[in-house]
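What follows are several structures.
There are two complexes below, and they share subunit A, which is joined by subunit B in the first and by subunit C in the second.
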Partner chain A sequence: MSSHDLLIGLAGVLFAAAPVVFATIGETLTERAGVINLSVNGTILLAAMSSFAVAVSTQSIVLGFAMGMLIGAAVALLVAYSSIALKQSQVAVGFVLTLMARDLAYFLGNPYMGRQGPRVQHLPIPVLSKIPVVGPLFFNHDLLTYFSFVLIGLAWWWVFRTRPGLTLQAIGERPAAAYARGAAVNKLRYLYTALGGALVGLAGPTYSLSVKAGWKGTISGLDGIGWIALALTIFGGWDPVRGAAGAYLFALLQWLGLVLQPYLPNVPSQVLQVAPFPLMILTLLLVNIGNAEWVERTLAGLPPDARRAISKVLRWMQVVPPASLGVPFEEE
Partner chain B sequence: MITSRWTQSLLFVLLAILVALLFTSAVLLMAGASPVAAYWYILKGAFGSWTKIADVAVAWVPLLLATSGLLMTFAAGLWNIGIEGQIVLGAIFTTWVLRVLQHSTLSPAVILFLAIAAGAIGGALWATLAGVLKVYGGVNEIFGGLGLDFVAVALILWLIFGPWKRPGIGSMSGTEPFPQQLWLPTLGQSRLSLWALLLGLVSIGMVYFLLSGTYFGLKLKAVGKNPRAAYLLGIPTTRYLMSAFLLSGLFAGLAGAVQVTAVYHRLIPAISSGYGWLGLMVSMLINFQPAWAAPVTLFFAALNIGSIQLPIVLKLDSSLSGVLQGALVLSFLLMSGVRQRWAHRHPQEAEHE
Partner chain C sequence: MEIQLRHIHKTFGPVHANDDITLTIPSGAIQGLLGENGAGKSTLMKVLSGYFHPDAGEILLDGQPVTIHSPADALRLGIGMLHQDPLDFPPMKVLDNFMVGYPKGLGLPRAEARQALLDLAAQFGFSLDPDAYVGSLTVGERQQLEIVRLLWLGAKALIFDEPTTGISAQQKEKLFAALRRLAAEGKTVIFVTHKLEEVEMLCDRVAVLRAGRLVGEAFPPYDLDQLVRMMFGKAVSKGERVNTALGKPVLEIKNLAVEDVRVRIQGVDLTVREGEVIGLAGMEGSGQRHLLRACAGLVRPVDGEIWIDGHNLTGKSYHEFMRRGVAYVPAARLEEGLVPTLTLLEHMILAGEQKGLIIDRQAALQRTHERIQTFSIRGRPHSPIESLSGGNQQRALLALLRPGLRLLLMEHPTRGLDMESAIWVWDTLKRRCREERTAIFFMSSDLEEILHYSDRILVFFSGQVSEPIPAQETDVEHLGQLIGGRGFQPVQEATP
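Here is the complex of A and B:
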């Protein structure tokens, strides 16, 4: 592979990762507030189909994107409402919604299958895109990819460097304490669930109007992405930057699956296409193993040098969820 | 209010069904179809002839087996999303034993028995892996299970397109079919095997007995309700969680074994047919109570079979059954929340119940 091909391939990875970045950061914000929205996989499919349908019917890309984000926010609000107001299990409601939204997408999307539709315009940034290496990698995309770069920094800054971000962390960790200090815990949880849901919804049109333009029903290749985004949220330790890094790793693995195909004639191409999925989810083992009790016990029996080295590596990978993740809060 | 608790429950159930039907009808109208016609064709497609009724029973068995397994893990408070993969592994193990033994001198009945037992072991093995990831690796069982689902899909595709491919070229239509003496005998001309049906009914019966009539079930439910308290009371939590996974995988593996020996007579990529996911929906709908599993799985199987002909007669996608099933479960969850809220706000009326 020439260096030119490699550059184009890597630029493609950054482009293809944009929707996964949106969904992962959306879910990260929602879970930081203490709500698990498990509906991501179905939401992405339904948002992808609906925004494509809207864009085809109205010939407006903007309306298409608005539709996708609206659907994401609406589904997420349903999860938040059934959890906060109706005291139902977030996992149960989210899970039903993920399956139902998927079937809704396939059912209502039937007439739009394989149709030609508008797609987001390619928009190289003048001057910057001419810089060698950096230009083609970062400044030769469409608006969505640029937004995905900006969003990573923005979300990180919001969560870790602003006062409202501090409140966001507090309502996910210790809602009672935050409430006592005047934070409207449940109102904020609704807000962040809707915001996170809208970002998850944004992933839909980013696929159907850009990355994988069109709607092809069950063979659209989008089924499973949402579960990856949920896994990346954990992998990222609820940190937008680390979560996004996971999204790029996933896109890289998918690309490698395509590139390596000619060199691995004995492995059927179908296997290489699904291989990144289990790999990404099994990375969860790496980031969680440090929490296990038996690991601590085993480590205690090792010589001090080895113990220190291993626990250093484990601690570096280890993630700890927001303390009140998935726990409803009663405002009294 | 003078209504008894029983009539009140019935009222909420009917209301939940009505809401689900209204939602699905609205979806149908959006697709430009007549809801009445759609429901009529689903009914006809499920019960219109003896062949169709037999087909419903054919779909009922794996769904019943998957639900049986899921009720065990749910009792322990676990979301066994890995069930799809466990069904797949059951089917793979069954196919493997059939392939090895099909030219042996053993009688077909023995071969079939061994193959189905192998399926159960395959499912249990895969479930145990999810259990190890959860209990010893700290990986939430939803994601560990999903990961193993994806691995199972990769594995079955590799087998069908690789080592087990048909003479010539591998294809999505699956492996070479087994000779007819290795099919579970079916009833008359239908595709229904009474052996499979019996297996399904015995399984759910066993789960009912285990969960409501034994100390094992009682302790398992204690672990599910509050693992910390159960541990402090001297229940070996780890062992109980692992047993729940193992039993769940056993039933799921049987579902895969039935799909191979009684329905498809070969390994196909979509061997699990989504029955694991559907079993999760059923379990939520019946609020994890085994007594309701048989009728509700039968109803869901009827919806699946009934919607198969929708693309032909009404040019609608057959995923409508999934929309209706999802709407039912969601509506039940929301309604029970509404009901609790109502009881909370009207305590004096709730006392009369």
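Here is the complex of A and C:
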């Protein structure tokens, strides 16, 4: 493979990862607020199908994207409402919604199967895209990919560097204390669930109008992405940057599966297609290995310098969930 | 800021937690609020700081009537509350935690906040590292952090809810110095406590609550005997004491030490004989519950030994203790003692001695009817257990106990029961002592109950345990003082 091909390939990874980045960051914001929205997988499918349908019918890409985000926010609000107002289990409601949204997408999407639709335009950034290496990697994409780059930084800045972001951390960690300090806990939970849901919904049209343009029903290849996003949220330690890094790793593994296929004729192609999933789990387990007791015991046997260095890395990698994730909050 | 509370009422279901409380709290002084557990102190303070809305009554700040909807509202009006368990965020850094709740702006005023934190901390002689994690601080340091945070946000009145629980003597000194300084600066300081010595040491005035009512106010120099009487009320006799002849030792505790995060008790030596009743007195969380649970095999002691009928059971499981005839009746009836949604009959089946796979419903039904009769439970075999009243649940719990027990361990045997049920429960228990030679080891916050039914009494005070006191040689006032830590002579000094 030439270096040019490699560059194109890696740029493709960044492009293909954009929807996973959206979904992961959306779920990260929602869970930071203390709500688990398990409907991600179904939401992505339903949003992908509906925004494609809207875009085909109206020939408007913008309306298509609006539809996708609207659906994401609406499904997420169902989870929030049933949990906050109706005191139902977030896990159960989210689970049922994810199945229902998926089947709805397949069912309602039938008339649009295989139709030609509009696509998001490719938009290289003048000047910047001409820079060697960096240009083709980062500045030769469509608007959505650029937005995914911006979103990572924006979300990180919001959560860790702003006053509302600090409040967001607080309501997911200890809502009673956040309430004592003036946070409208449940209102904010609605807000962040809707916002996170809209970002999850954005992943749908990013597939159907760009990354995997079109709607092909059950063979669209989108089923399962939502579960990956959920796992990335957890393994990313509810940090937008780390979650996004996981999304890129996943896209990279998928790409490698395709690229390596010609070189490994004896391996069935299904193995390479499925390989990213278990590999992903393995990598994520490795990242969080510092939590295991046997690691601590092994570390104790190392010379002090090495031990300190390794445990520093491990501690950095370790993740702690928001303490009140999935726990409803009542005032008084 | 002068705070006036006028005719405050607050009820929770049938419990009148605050019953017509009227109290004026001046600024520039330390106002004590004294009362035993459940006297209504915390409820009153939560009304003042916006957590609860009073059912009736009004609050005036500097003569102006105010309505407080939320804790944030209270803080805007200048009232801040420090909770017994600091309401902060352990995984955050001190500086971040300090800034949560800062009312305005998008960006975080890091530099300004850091400076304010360091300045305020220095004023009070606190050493707080803005970059440390809150979770790595001691409870005392977390309190200090809350104090400077509330001051930074403009608090003019500070409420301290039992602030000396779980902090070291040194930190207590610092805390008291800070409170005095706050009062000297003209702030209003409210100090909620159940410890007499702290009132004596610190407060410029004290209001005493009992059973939801304001009993009275007192000023220094305090008459401690009078305070005790105000706190616990007058002695009411429950008829004749019954003493049971004691038999051979059932439970032997040798140099026992148990601990949890909050308290450590150690060096406990005690022999309990057949038919004997031992009462454990002390404020909640002083270690009584831990000792009881250790004797049931539910908590592993850190040191010492527990013998039952001459068998060393130290470190053995609860089931081993059960086999030796030990039973444990927890205070949280529905959480730990009974299974909600199951019926009385099903409870009898669960607790019964039936073997095999198939339930003999006929026999079980018969036995349930018998027990309902004997224990005069107001309920039917098919009543779900949570549909019974508290008193009947307690009767059911007692009905589930096997006959012929050697040692019965009980938390608050009559808590929440009316007089009639309580007396009935004790009649039943005493009968077990007499007829089955069972020994009873129980804790209660009702001193009358402890005095009346125990043969000997152990008093717990912040991790220290007294020598067994024969019940005939003491009275409510003496016990009350011991519980408040006055004239306390522990078996052994607890190490922090």
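Throughout what follows, the second predicted complex is superposed on the first by the 299 of 332 C-alpha atoms of A that agree within 3 Å, B and C clash if a C-alpha of one lies under 4 Å from a C-alpha of the other, contacts with A are read in each partner's own complex, and residues count from 1 in each chain.
Note that in this section a residue touches a chain if its C-beta (ideal position, glycine included) is under 8 Å from a C-beta of that chain, and two chains touch if they have at least 3 such contacts.
None of these values were measured; they are calculated from a predicted model.
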Looking at the overlay on subunit A, is there a clash between subunit B and subunit C, or do the two fit? fit
When the shared chain A is used to line up the two structures, what angle, as a multiple of 10 degrees, is there at the CA centre of subunit A toward subunit B and subunit C? 80
With the two structures laid over each other on chain A, which partner does A:V320 touch: subunit B (first), subunit C (second), both, or neither? second
Looking at subunit A, does subunit C or subunit B touch more of its residues? B
Could you look at A:R163 and tell me whether it touches subunit B, subunit C, both or neither (first, second, both, neither)? second
Determine, under the contact definition given at the top, whether A:F95 touches first (subunit B), second (subunit C), both, or neither. first
Name the contact category of A:Y179: first (subunit B only), second (subunit C only), both, or neither. second
After the superposition, pull out the minimum Cα separation from subunit B to subunit C in whole angstrom, please. 7
Using the superposition on A, tell me which residues of subunit A are in contact with subunit B and, in the other complex, with subunit C. none
Mind listing the subunit C positions that touch subunit A in their complex? 51-53, 70-72, 75, 81, 87-89, 91-92, 96, 99-108
Where on subunit A is subunit B touching in the complex? 38, 82, 85-89, 91-93, 95-97, 99-100, 102-104, 106-111, 217, 224, 227, 230-231, 234, 266-268, 270-271, 274-275, 277-278, 280-282, 284-285, 288-292, 294
Where on subunit B does subunit A make contact in their complex? 27, 30-31, 79, 133, 136-140, 142-144, 146-148, 150-151, 153-154, 157-158, 161-162, 170, 277, 280-281, 284, 316-317, 319-323, 325-327, 329-330, 333-334, 336-338, 340-341
Of subunit A, residues touching subunit C in the complex: 161-164, 166-167, 169-170, 173-174, 176-183, 320, 323, 331-332
